[in-house]
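Each of the next two complexes has chain A plus one more chain, namely chain B in the first and chain C in the second.
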Partner chain A sequence: MTSRTRLPTIFLAPPLLILAALAFVPTAYAVYISFRNRELSRPDGSFVGLANYIDLFSDRRFVNAVGVSLTWELVTVTLTLLVAVALGILLFEFASARQRAVLTLVFLVPVILPRVSAAFVWKFAFHPLYGIVTYPYKAITGQPLDLLSNPATALMTVALVDVWQWGLFFAVIVLKLLETLPPQPFEAARLDHARPWEIYLYVALPMLKAPLISLTFIKMIESLRAFDLIYVMTRGGPGITTETLDMYAFSQGFIESGRISYASGMAVLMMLATTVIFTVIWKRVKP
Partner chain B sequence: MTVSRILGKTVLYLAAFSAVFPMVWTAINAFKNRVDIVTPTPLFIFTPTLDNFAYVLGRESVAAGLVNSLLAAGGSVLIGALLGLPAAYAIARYPNRWSADIQFFVLSLRFLPPVAVAIPLMVIWLDLGFYDTLTALIATYTLLTLATVIWLGVPAFARVPKEVEEAARVDGYGPYAVFLLIALPIAMRSLIGAVAFAFVLVWNEFLIALMLTTSDAKTLPIVASELTQLGRDVPWGILNASVVLLSIPPLLLIGILSGLLNNAFRRKSN
Partner chain C sequence: MTSVKTLVSSIAYACLLASSVSSVVLAAECSGTIRVLAQPRDGLTLLENYKDEFAKLSGGASFEIDYLNENDRRAKTKADASTIGKYNVYYIDEANVALFASAGWIAPLMDYYPAEYDYADFDPGRQKVATYDGKAWFAPLTGGGDLLVYRKDLLEAAGIKPPTTLDEMKDAVKKLHQPDKGIYGIALRGQRGSGANVWRWMPYFKGFGGEWFDGNEPKFNSEAAVKATETYLELFKYSAPGTQTGGWDESVGAFTSGQVAMLVESTPLVGMAIDPKSSQVAGKVGYLPPPTPLTGGGYGHGLAIGTKANADEASKACAGLFIAWATSKENEQRRLEANQFSELNRTSIMTSETFAKLYGPDLGQALADTGKVTAVNFWQSPLWPDLGDRWGIILEELIAGSRTDIKDGLAELEGFAKDLVARSQ
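After this line comes the complex of A and B, so read on.
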């Protein structure tokens, strides 16, 4: 297997060079323009040092966006895993082999949909006048229910769509993980008259600790991609209650003022934060 | 016991219903006239119409978006597969002291927030004169497809029995012949899953396309989202039809993708 051949170099060098170029050039460029005051309308701009970063920290909308993003991460990651573990266990406990096969396919539907589609489908379902989800409320109370325009519920309503996509998908993975466990500990616990929920809580889930942590990690990364849902469903509104960091960077860089340098400053901070945090977690999870 | 069984199954069926119904409802609405959608009570019985689909398919912007999406996804997936599959094979079969670092580097590309990549890339493509072109879009998406194909290809190649490759070598196959004629065909099923996954990722991609295109190179998700932002007198039927159209290709690949999932876990169980 290790006989001398140049295959590894020939096979690895071009793709790695391309990946490195596509990843590092934009990163370096983002850092570069974040030190300038370039705008969309003016191609040039001059060096301004740390001005963009200093402005960011006194920008209340930026601070708000950090808060919204953190809330989004916390809510979607937690709910996704809770839904996934609950449904995964129900699949394992109650579904026959054939039902499992069918439900696995069905549970994959939401996550495979383009997020733009998922966002629109639910936006229409939550429509205060014609939505099918809000219809029962309207029929009973006679009042329209406008969840996406209410500052108190908008973010949670969008988060629901994210959990719908990922929770069902992860439930399938939890089922597959449970299927890989050896049956003996289950039988032993059953002989000890453990209740089913006790078996899962104290036997099965601890055995799956490592993969469940990996799933949490994956969801943390994927939750960074909230933009599509929020863009289609609320555009950051009402007000700025659902404006995540990527939404704010987008609107600063494009919609409102075309302040590319300012948006790049945000992008650099986001890259720093996510790369550092995720690298640390990854190295801990996978020693 | 039976009570909890009924409860558990009910929850499962409700979850399954919630997974499928929203899309089914959208598909139903796509066959309705506007008056049948804008009703105080949701209608299940109505006279179906093909007007919405006819309108959507007849619109130039949708047709252009469809072509752009196919070219952007197809091109970047092709490049990703051509370069990524050999790389994945080299990592799986010729481990060296950087293998772990290479794999981590490929994974860490996913840590980058898309907006953080898209903003500088937009400026770069603007400066180079490639803004709003398919070339720029395909090049950018290659970052996504290449990383995905490598990441999913490594375990697929690692699952090919080493003995088969060694036997081929004894028969006089060179290292490239072993890759092309032995490893590639054996791992093909999982590899198709990896490539299909990369395709779905790019097909569904929104933020980068939104930032790198304005008119000529707009992909289907952008066109669809623009339709969803139309002001008053919203043409709901047309919207539903365009969302259905956008969702069909990924849904067609669902079988292949669930096969990929099954393969990934079959390895661990034995």
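After this line comes the complex of A and C, so read on.
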């Protein structure tokens, strides 16, 4: 009997230990190293207390990166969800079963594409001289359109690619979710002369509240990891207008300075902020 | 006489024995795979066709090259060398040789470079940038200075003489700039980075008399830097679209696709511009040394021996043998035959008859002339990449227009430089 009750522990303990080691060892080391002044080019380093954290708040690039990251989260999560819901409803409302099957496949392609490849393809598509996206503008106005070099449009242009990847994928999920809903509430709403948009706004979407919130969280976490996309398309430029926190931390750690303690300080702050913010939002919106 | 003969023959036998013993030792030690982290180079791709030759030479060793583009290669080599040290050979360059050497991430090359491969045959400019603290650290794969490369047809049509001074170049750029016809006056580099926008800005800075440091005291916040930046920004008004956040690829791509009238770029551009396979303007290209007072940006990239992955002397020797073979006269001759102009570094190759036959006397002359104005424009210090990259960001902000005050930017860089020097001490 005892051996039977112990069985789950025996099976679970090793993987949990491995997972714990993988998760906590680097985290603990990042916290430890953030209190030191370790640089890649020097093996030594000393304890500096909170100096890295204090320096961060007077660093204009850090303050800028916080703003860029927040904008990025807000824009990509909101747009992805809006695109997903709108396209999902349109497919559900107007597409036949065969059309849905084909479009579902098409909509899945962008997200299957590796991020770096997608970023290169779009970077080229947005090129002011040879890009297919900017070509019509150039043909009509005679002027090149350089969206990625313009501080006002660069972040939004990269966000567009993110939304293209995830918005279409989520649209498929929304469609599948709509297909699982029972038809009775829809019929009842129609009997009450509800217009189609009212049916979706007041009947279908409230019924999908829980999965939509989950999708929002998934996208929020995913958006935090947009490093590859931004790195390939703009490298944080022009200037620092698309430099997110993870990009700046990587720059400080490896590209420019080798200041890994300083970069770890940023990573620790990011981790704390993310944990706190996600916990608060989760508790508030929990369905 | 007999005794002399005996002596000579015994010395010869001894030498033969010694060499066969050393090759046996080498054969025994050079097994496995030599891992190389590099950036894409035609010369290295060509080298991969001769793996068997290296296996025979080394006694069974092979090599594997991982490629990353320039900025990523810099970041990854730094990360690898300072942590796990997976790579036996690093592709490094003039900008980070000081950092790699002073941090002990690479070994002095000449300690492991077989003498018969003749290091002294490399172009003296390239040897100079490969040297730090009196020692050579890498064997060059590419390098050179700058050339003003222009479209002969466009200049002739507009009746403009090829510019030899900066003022003449500015005038020519303005006159030739016709965006409605798809021709842009110039192509500059806007992308952040000590090897990107800063690299192209430095000839103006040094040309106007700018200096980076006097000892540990920053000197760059000067009239020369302001004037250099103003000139660079003024010229950027005529730079091809896409170059505002672009680097070498964007500038060169715009020129070779026929959309740029002239540009001052690193010498390998010529090889690409005159090759019909990579250029739509082949046959219409002229070249001159950079206009006065611009200095040429002397540079060199090459292969160095990593210290972490090569923990013992034998593995360092194997890495040294690989580097020597990869940059040998034989392999360079193959690159010349494959028309890989930018991959040539040896004096014996560049003064060869084949070279003259392939590229004509004009290019040889232009290269010789530009050699006279080629200089080390950057600050030769392990701290240089850090400082250069920071200025790259400020410069990119100025180019993109998200910042407008040049003096304020330089003051910010000065503060950063003082902090950097203080931290390093």
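Methods note: the second predicted complex is superposed on the first by the 272 of 287 C-alpha atoms of A that agree within 3 Å, B and C clash if a C-alpha of one lies under 4 Å from a C-alpha of the other, contacts with A are read in each partner's own complex, and residues count from 1 in each chain.
Going forward, contacts are C-beta pairs under 8 Å (C-beta built on N, C-alpha and C of every residue); 3 or more make two chains touch, one makes a residue touch a chain.
No experiment lies behind these values; they were computed from the predicted model shown.
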{"item": "Partner chain(s) touched by A:172 [first = chain B, second = chain C, both, neither]", "value": "first"}
{"item": "Chain A residues touched by each partner, larger count belonging to chain B or chain C", "value": "B"}
{"item": "Touched partner set for A:91, first chain B, second chain C, both or neither", "value": "first"}
{"item": "Partner chain in contact with A:202 - chain B first, chain C second, else both or neither", "value": "neither"}
{"item": "First (chain B), second (chain C), both or neither touched by A:254", "value": "both"}
{"item": "Contacts of A:24 with chain B and chain C, given as first, second, both or neither", "value": "neither"}
{"item": "Overlap of the chain B and chain C footprints on chain A, listed as residue numbers", "value": "129-130, 250, 254"}
{"item": "Residues of chain A that touch chain B when the two form their complex", "value": "1-3, 5, 7-8, 10-12, 14-16, 18-19, 22-23, 25-27, 29-30, 33, 38, 43, 87, 90-91, 93-95, 99, 103-110, 112-117, 120-125, 129-130, 132, 135, 138-139, 164, 168, 171-173, 176-177, 179-180, 196, 221, 224-225, 227-228, 231-232, 245-246, 249-250, 253-254, 260, 263-264, 267-268, 270-271, 274-275, 278-279, 282"}
{"item": "Touch list for chain C against partner chain A, complex", "value": "71, 74-76, 78-79, 82-83, 99, 102-103, 179-180, 190-192, 240-242, 244-245, 254, 257, 259, 382, 385-386, 389-390, 393, 396-397, 399-403, 423"}
{"item": "Residue numbers on chain B that touch chain A, as the complex places them", "value": "4-5, 8-9, 11-12, 15-16, 18-20, 22-23, 25-26, 29, 37-42, 83-84, 86-87, 89-91, 93-94, 96, 102, 104-117, 119-124, 126-127, 139-140, 142-143, 146-147, 150, 162, 165-166, 175-176, 179, 200, 203-204, 206-207, 210-211, 221, 224-225, 228, 236, 239-240, 243, 246-247, 250-251, 253-255, 257-258, 261-262, 265, 268-269"}
{"item": "Chain C-facing residues of chain A, complex", "value": "37, 39-42, 61, 127-130, 142-144, 146, 148-151, 234-241, 250, 254-258"}
